[in-house]
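Below are two complexes that have subunit A in common, paired first with subunit B and then with subunit C.
Right, the complex of A and B next:
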């Protein structure tokens, strides 16, 4: 069954920002999807992120989500999804 | 008492005296302060500056989570975690953590925990800019999805 889609915000930081060439974008994604599907959707729109895809994590509305999590996530219009390359604060 | 915690991301030069004053209180017999400072070398390359960026609202939220974790583990009085972003020249502090406690053991352990956890969970990044014009995004060894950690899992 085809799931309805919503438009969400994408934020890029550090190396992902440089690869994409911008800080922000929007993307249409299914309302219900697994974290792995979220990664796939983002990489399909921004294939330039492929070389670092094993070394990014994602935050949904400022909370980390695990790529291997098997519980589906539920997106709503305007959600904020951030691409988080390896951290180097401190 | 989370009201005693100060967390901030700022483009301004960090003032260690000011941040130390934030956590002093009459009942505390100890204040532990950690400064992370910019090194002038990486392997054989000369580092001329570091550029930091943060996902500011999430970074501040993660820093507040660290304060809660510290208070679950240790009996401390006040906590301040301040991280600088933008260009940080060599020898300047990029981060200052200050914790006060009645006796020193708690604040020393809490600060150690705090800097290690900050490196693994707070969304902040630094790029080293070298004397030859090249640059490199750094990766903390404490970060689970850094290349050195994901490579070791797959081999």
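Right, the complex of A and C next:
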């Protein structure tokens, strides 16, 4: 059964902001999906993030998402997904 | 006839001698001035360095911190406003005074964290930096001063700390931390602050802190953004739990290329100092297993709850595969500095020197000059008659590219092949741009070359009045 979709907010920080060229976006994603699928969905819309794919923190409503986790996550309309690559400057 | 010739010769010789003498005396003046400047600098330097700089050869000689069990009257008076905070109190203050903190990086993060830790009465502060103070540091590295330009950053911070609180034992390390010395240095401290500016040192500090069991208060900043996390404490994750794989070097932006507003690392460094004081006084850190994300443009602070320790983390799990430090420059594929690197993408026949370009301008040879820096950088300085195509726009279908084609078109009546020169700040982006343009304009009668070393070399070798940034 195809899962219904919801619209969620994407927030870009640091290098992801530079690559995407904006701070925010929205994206339609299935309500039920695996963390890995969530990232694939974001990559499909923003393929420019590919080079930093392995070097980011993803947070759903300010909580870390482990991409290797096999427990599905549940999204609601208006959820906030933050893409946070580490900064290295000082 | 002979007499006439000889007298002309004498005249020539006389003029030549006068000119020569004048030149030499100007040269002597210049040398005198230079000597005076150097002597003053040397005197200042010696006066400042009444502390011994630590390096790889005298690592074991650092002064010990004598443990106290009660506060002196002078300390009570100095710290009275924080002593009356019940969360700190006398017990907390004694703990702070008995704590040794190592700050790695005496820059935009290290300066504010060092001065607030010293002000709060931390017992011993080690300051590690391999670099010397430069003018372009002062907008964010606020403990350094104009008259300390050229002096070791670690010594400069030590001088500032001594001026604020002479009871702090401050130890300047003029050296880089690496896999052969980091453990020995870190072992002598209770808490480590990551105030560095590069990826390789961040992994080095993480592993060294895991191996020695020290909390790592990590801060970072770029542009208007900052981040804080305290790693390796209260059972929280380490840096590698979150970032097992280092980022590809070409995706890492440093402060000298990306820019940074000084107050942003200032804010982050202050939060690092606060976290450190809470660990030292026994309150405990807030950003353990949490990531603070500061956006200075929006004025927002977000706190992200992070993962717990990664069960198979290579360094902090129960079965680590990394049990001693490795080569971090090799692991990250990048140097342990934030200095911009110079790349070489083009062969020599596709490049010209700044001297040759200066000649082309002087002799008014037909050519087109393309500058591939951002409009923001173009505002700082530019060469005359430049077409600006920011590197991200090169090769795309846009107005700027159209302008370039029109400029080439115009010159095809004058010359058979139109020389196009591409410039940027350092001579890296200009090479990528040449590669793209050569492909894109292959049907036009052009030769496209980059100006080696960019505007920095132009300022160094051709026009000393040209601004450098």
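Please note the rule applied: the second predicted complex is superposed on the first by the 86 of 90 C-alpha atoms of A that agree within 3 Å, B and C clash if a C-alpha of one lies under 4 Å from a C-alpha of the other, contacts with A are read in each partner's own complex, and residues count from 1 in each chain.
The criterion applied here is as follows: a contact is a pair of C-beta atoms (placed from the backbone, for glycine too) under 8 Å apart; a residue touches a chain by one contact, two chains touch by 3 or more.
Remember, it's a predicted structure, so these values are computed and weren't measured experimentally.
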- Have a look at where A:90 lands relative to subunit B and subunit C in the superposition and call it first, second, both or neither. both
- Who does A:81 touch here: subunit B (first), subunit C (second), both, or neither? neither
- Which partner does A:51 contact after superposing on A: first (subunit B), second (subunit C), both, neither? second
- Message: Applying the document's definition of touch, where does A:10 land relative to subunit B and subunit C: first, second, both, or neither?
- Response: neither
- Message: If you tally the residues of subunit A touched by each partner, is the higher count for subunit B or for subunit C?
- Response: C
- Message: A:62 in the overlay: touching subunit B, subunit C, both, or neither? Say first, second, both or neither.
- Response: both
- Partner chain in contact with A:38 - subunit B first, subunit C second, else both or neither: neither
- Query: What is the contact status of A:29 with respect to subunit B (first) and subunit C (second): first, second, both, or neither?
  - Reply: neither
- Kindly list the residues of subunit A that each of subunit B and subunit C touches, one partner per complex. 13-15, 54-55, 57, 59, 62, 82, 84-90
- Item | For the subunit C and subunit A complex, residues of the former touching the latter | 105, 107-110, 194-199, 202, 219-222, 225-227, 242-243, 245-248, 250-255, 258, 260, 265, 291, 293, 295, 298, 302-307, 338
- Task: In the complex, go through subunit A and note every residue touching subunit B.
- Result: 11, 13-15, 54-57, 59, 62, 82, 84-90
- Message: Per the contact definition, I'd like the list of subunit B residues that touch subunit A in the complex.
- Response: 36, 52-55, 57-59, 61, 83, 94-95, 115, 118-127, 137-140, 142-143, 145-147, 150
- Note on the structure: In the complex, the residues of subunit A that touch subunit C are 13-15, 18, 23, 51-52, 54-55, 57, 59, 62-64, 66, 82, 84-90
